[in-house]
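Encoded as C-alpha cells, the structure appears first; notes follow it.
The letters A, B and C name the chains in turn, as written, and every chain counts its residues from 1.
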Amino acid sequence: MTSSNPMRHQRAAWAFMGPGVLLVLLAMYIPVVYTIYLSLTDYTGLGTPNFIGLQNYVTMFRDPAFLTSLMNTAIWVVGTLVVPVGMGLLVAYLTFGLKGGSWLRIPFLIPYALSGVAIGVVFNFIFQNGGALSQALTFLGVPGAQTHWLEVAPLNTVVMILASSWQGIGVNALLFVVGLQSIPKEPLEAARIDGASGWRLFTTMVWPMLRPSTTIVVGLSIVNSLKTFDIVETMTQGGPNRVSETLGVTMYTDTFQSDQYGLGSAVAILLTIITVAASVIYLRRQLTIGDASGKGEVAEA
Amino acid sequence: MISRIVRYVVLGLLGIFWLLPIYLLLANASKSNGSFSGTQLWSAGNFADFWSNVIAVFTTTDIGSGLGASTIYAIVAPVIAVVLGAFVGFAVIVLKLKHGFVWFFVVFCGTVFPIQMMVIPWFSFSANTGLYDTIVGMIIIYSIVALPFSAFVMRNFFSGISESVFEASVVDGANVWQIFRRIYLPMSVSALVVVFILQATWVWNDFLLSLILTQSTARPVMPLLNALQGTEGGGPGYTVTLTAALLVSLPTAALFLFTQRFFQKGLALGQY
Amino acid sequence: MNARKWLAVAVVTAAAAATLVGCSSTTSGSSSGTLSFAEDKGWNYKPLSAAADKDIDISLKTTSYSSSQDAFQALIKQSLRTPKAPDIFTWHTGSQLEALVQQGLVSDTSSIWKKAIANNWVSPAIEKMYTIKGKQYCVPLEVDYWGMFYNKKDFAKVGITTPPTTWNDLMTDAATLKSNGITPFYSQGGNPWAFVWYMLLMSGTDLKEYNAINAGTAKYTDPEVKTVMDTWLDMIKKGYFSDPGSKTPTTTSFKDNSSAMQAYGTWYPGSLSQVGLKAGSDYGIFPIPAVSDQGGKTPVAVETAPVCVTSHSANKATALKYSQWLMSPAAQSTWSKSQGILPYNPKATAPNATLQAFGKQVTSSSYEAYLRYYEAAPAPVLTSALNNFTGFMENPGDPTKYLQTIQTASAQYWASNK
C-alpha cells in the first residue's frame, strides 16, 4: 500500500520542486526563447535585428564547414562514450574496495582541478609540432615524431578527445564510485555464496545495480560532448581552417567573431534540439527501468 | 591475491602516466622567462626560478584580489545547488510528484543549453536590474547553472533508496521536511559531497560567465588569470603566467584530496 | 529553539548580502575625477593613470578583458546603451569603429583633433584613420608601425652587414640565410597572425588593390591577388618560413631562433625584453621594402589602438578632457616609456635609439601608411581570411579555392553593407 494521502504529498512535492523549476525557467528558458528569435534575424550585435525567416538555417545546412562541424560533434559523442566512460568505470572498479584505493584515484582527479589556462598550456606543450609528445617519441626511438597532431583532420579531433579524457576519466570514476558504494551487501553476498565471482558477478549483479550511476555518467557525457567548446577552442580554435570545429565552436565563432548573431543562434538552436531529443530518448528509458527495477536497502555505513 | 597485486600495479602505472603532464607544467613553471625554451620542454627547471615566479605572481599581477570572490562563489553557490537539487530529487522520487519525469526533465534541460549564448541576455538583465558586478548576482547565476547536475545526481541517488524507508517514517508520524532532513540527507552524504566538489571546481574554474558579468568588485580569479596571456606586448611573461595558473589550481586540488574519506567506503564488494 | 536559530542565521546572511550589494553599488558611481575604462589589450595603465592624476586630476579605473577580445566586443556593443557602459574603452579602427559611429554610440572628437593637428601632436595620415564621414571619433592611445625585426647574430653569422633596402636584397638575404641552415622568416597561422604575409605581400605589390579589396570595390579572386599568393607559395616552397602551426609563444620562438626575422609592430620590443632580448645588441628593426615599385613610396602597415568615449556616459566632459590630454607630449612620453614603444607624437621622447631611428624612417615622406589588415577587413571577412590563410600555409598549394572562399564572405558582407 503506498503512502497515506497522495494529495498531501503533492503539495509538499511542489514546495520542494518549485524553487528549482522556477529558477531554471526564468534564467535559462527565457534566453532560449530570445535565441530562437535571433536565429530568425540578421542581427550583428548592434542596431535592430531584421526578420529574415528561416534563411539562417538554410545557409547553415548549405555550408560544407558546418557539415564537417556536425560530423566532428558526432565523433566527440562516440569518443566520449568509449574512452572517458569506459575507462572511468574501469578505474572505479579497480580501486573500489582496495586498501588505499581512494588514494590511487587521486592522480585521475587532479587534472579536473586544473585551471583552464593550465589545461591549455599543457596540451599545447604536449601536442604542438615538435612538442613534448614528439620530443618523447624521438627520445624513445618510436616513429611518429613528425606528426602534426593538431593540424590533420580527423587526427586532431581524436587527439583532443584523448586530451579531454585526461580530465573526464577521474570525474566519471568518482561518480561510479558513489554508485558502487550504494550497492547493497546482501544480494552480493548471496550471489557469491552461490559461486558467482569476477566477470560473472560484475555482469549479473554489479552492472544492473550500477544503473543509476551509469545513467548519470552516460547522460552527462552525451550532453557535454554535444556541447564541446572549451577544449577545442583552447587547442585548435576549430582549425586549421575549420576542420576540427564542433557545433559549439561554430556557434561561438559565428556569433562572437563574425558578428553573425543570427547564424550563430541558429546553430545553437539546432544543437539544443539535438541534445534535448537525445536526452529524452536516453533518459526516458533509463530512468523508467531504473526506478522499476526494485529498490534494495542502502548498505550501512 | 594475484588479482590484488595486478590491480595495484596497473593503477600505479596508470597513475604515473596520468601525472606526466603535471610534471611538464611544474618543470616549465620552474624556469625564468629567459630560460624557457619551446624545444626543451622536458628539462626540469629549478626551485629558485619557481619561487621568484611565485613572488612575481603576487607582486606584479592582481590575481590575489580575485581569490576572495572565487572562494565565496565556490562555496556558497554549490551549497545552494546541492540543497535545491536534493529538493528536486526528493520531490520527484520520494514524494512522487505528478508528471515527475517531465518536471525533472525541465530542470535537467538547464544543462543542455549552451552557456555562451545565454551570457549576453544575462548581461542585459543584470545590467538593467543592478545585479551586474555584484557578489549576490554571481552567486545566483552560479547556483542556477549548477542546479541541473545536482538535481540529476540526487534524483538518481534517491531512486536507489527503498520506498519502505519513507513509508515507515510517515507511519512513525514524521512530517515531510523532517524525513528529508533527518533521514534522506544523512543517507546521501557521498552523493552530496560528489556534487559539491564537482560543482565547486566548475565554479572556481569558470571564466566566461565571470568575465562578462563582473567588472571589478565581484571579479573572481579566472578572468584575471586569463588576462595575463596578452597578444600584443605587456603581460608578466609566459612562465609567470604558467606559475599563476598552477597556483590557482591548488585550492581545487586540495578539495579533492581532503574529501577522499567520503569515497573510501568500499566494503560492500569485498574481495573477489 | 531550532526555528529561532534558523531565523538568526537568515537575518545575518541577509545583512551580509545586503552589505555586499551595498558595497558594490557605492563604487559603481564614479566621482568626477575617475573614469571607468574597459580595455582588451592587457597593458599596464598604472603609470598612465598616475600621470593623468598628476596633470589633470583624472585617474583611471581599469577593467581588462584582454583574455577574450570576442567576448569583449560583444559585451561593449551590448553595454554601450545601458547604465553599465564604461566611460572610455579601447576599440579598433576600421569597420568596427564605423559600426559604433553609425549607431551614435561614441563621441565626436573633431575639436580635439583640430587642436592636436594645430599643435603638431599627430600626423594627418593618422587622423585619416579616425575620420568617418568628415568627422573624427576617438583618440589614439598608441600608433604602431610594422617593420622587420631581425636577429643580429644570425645576420652577422652569414655575412649580412647592413639590413636590406630593396625586395631583391631581402630575397637574396633570405636565400643566404636558408643556405646556411637558418630559416629566414617567421610565420604563424590562426587568430591573429595568419594575415601578416598576405598583408605585406599584397600591399607591397599593389597597395591600391589592397585598399580596394578592404573597401569592397575589388575582389580576392582578382588576378593581382593570385599573383601575390603565387609569390607567397614560391617563398613557402623554398622553405623560407618557420612552421606556421607552432604554438610556442612568438617571443620565445624568436629567442629560440626558429627564424632570423619576424614582422611585427613597434609594440614588440616590450614583449621581447621579457625574454631577455635587447634592442640594438640582440635585434634590430628595418622597414620592409616594397615588392614592386609603386611610385617611389614604400607602403608601411599601421595599427592604432583608439580610446573611445561613450556618448551616453555621465562623465563625458571628463572623458573628453582626458582624451585631449592623452594626445599631448606629456601623456605620450609617459605611455611610450612604460610600454617600450614609439610615441606617435613627434614632440614626445622615444625610449630607445633603435625605435627612434626606425620611427624617423617610416614617418618620412617616402613611406605611405595603410591600415593593418586586422582592422581594415570587416569581421566576417577577417574570420574567413584567417581560416583560409592558415589552411593555405599548412597545406601549401593552389591558392584559388582559399581565395574563392574568402571572396564569398567578402561579397556577402558588402552586399548588405553599402
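Going forward, a contact is a pair of C-beta atoms (placed from the backbone, for glycine too) under 8 Å apart; a residue touches a chain by one contact, two chains touch by 3 or more.
What you see is a predicted model, and the numbers here were worked out from it, not measured in a lab.
Visitor: Pretend subunit C isn't there and tell me which chains still hang together through touching.
Guide: one piece
Visitor: Centre to centre, using CA atoms, which chain is the farthest one from subunit B?
Guide: Computed centres place C farthest from subunit B.
Visitor: How many angstrom between the C-alpha centroids of subunit B and subunit A?
Guide: Here subunit A and subunit B have centroids separated by 15 Å.
Visitor: So, what's the distance in Å between the C-alpha centres of subunit C and subunit A?
Guide: 38
Visitor: Specify, in ascending order, the residues of subunit B that touch 2 or more different other chains.
Guide: 38-39, 207, 226, 228-229
Visitor: So which stretches of subunit A touch two or more other chains?
Guide: Answer for subunit A, listing residues that touch two or more other chains: 128, 130-131, 252, 255-256.
Visitor: Provide the list of subunit C residues touching at least two other chains, using ranges where the numbers run on.
Guide: 71, 74, 78, 246, 248
Visitor: For the complex, which residues does subunit C have touching subunit B?
Guide: 17, 20-21, 23-25, 27-28, 36, 38, 41-44, 61, 63-68, 71, 74-75, 78-79, 82-84, 192, 246, 248-249, 251-253, 255-256, 258, 265, 267-268, 270-271, 274-276, 339-341
Visitor: Applying the document's contact rule, which stretches of subunit B touch subunit A when the two form their complex?
Guide: 4, 7-8, 10-12, 14-16, 18-19, 21-22, 24-25, 28, 38-39, 41-42, 84-85, 87-88, 90-93, 95-98, 101, 103, 105-114, 116-118, 121-122, 141, 143-144, 147-149, 151-153, 156-157, 159-163, 165-167, 170, 176, 180, 187, 190-191, 194, 198, 201, 205, 207, 222, 225-226, 228-229, 241-242, 244-246, 248-249, 252-253, 255-257, 260-261, 263-272
Visitor: For a test of understanding, state which residues of subunit B touch subunit C in their complex under the given definition.
Guide: 33-34, 36-39, 119-120, 123-124, 127-128, 130, 132-136, 207-208, 211-212, 215-219, 223-224, 226-238
Visitor: Enumerate the contact residues on subunit A facing subunit B in the complex.
Guide: 2-4, 6, 9-10, 12-14, 16-17, 19-21, 23-25, 27-28, 30-32, 34-35, 91, 94-98, 101-118, 121-123, 125-126, 128, 130-132, 135-136, 139, 166, 171, 174-175, 177-178, 180-185, 188, 192, 197-198, 201, 206, 212-213, 215-216, 219-220, 223, 227, 229, 248, 251-252, 255-256, 264-265, 268, 271-272, 275-276, 279-280, 283-284, 287-288, 290-291, 295-299, 301
Visitor: Could you list, by residue number, the parts of subunit A that touch subunit C in their complex?
Guide: Its residues touching subunit C are 42, 44-47, 124, 128-131, 148, 150-151, 237, 239-242, 252-253, 255-260.
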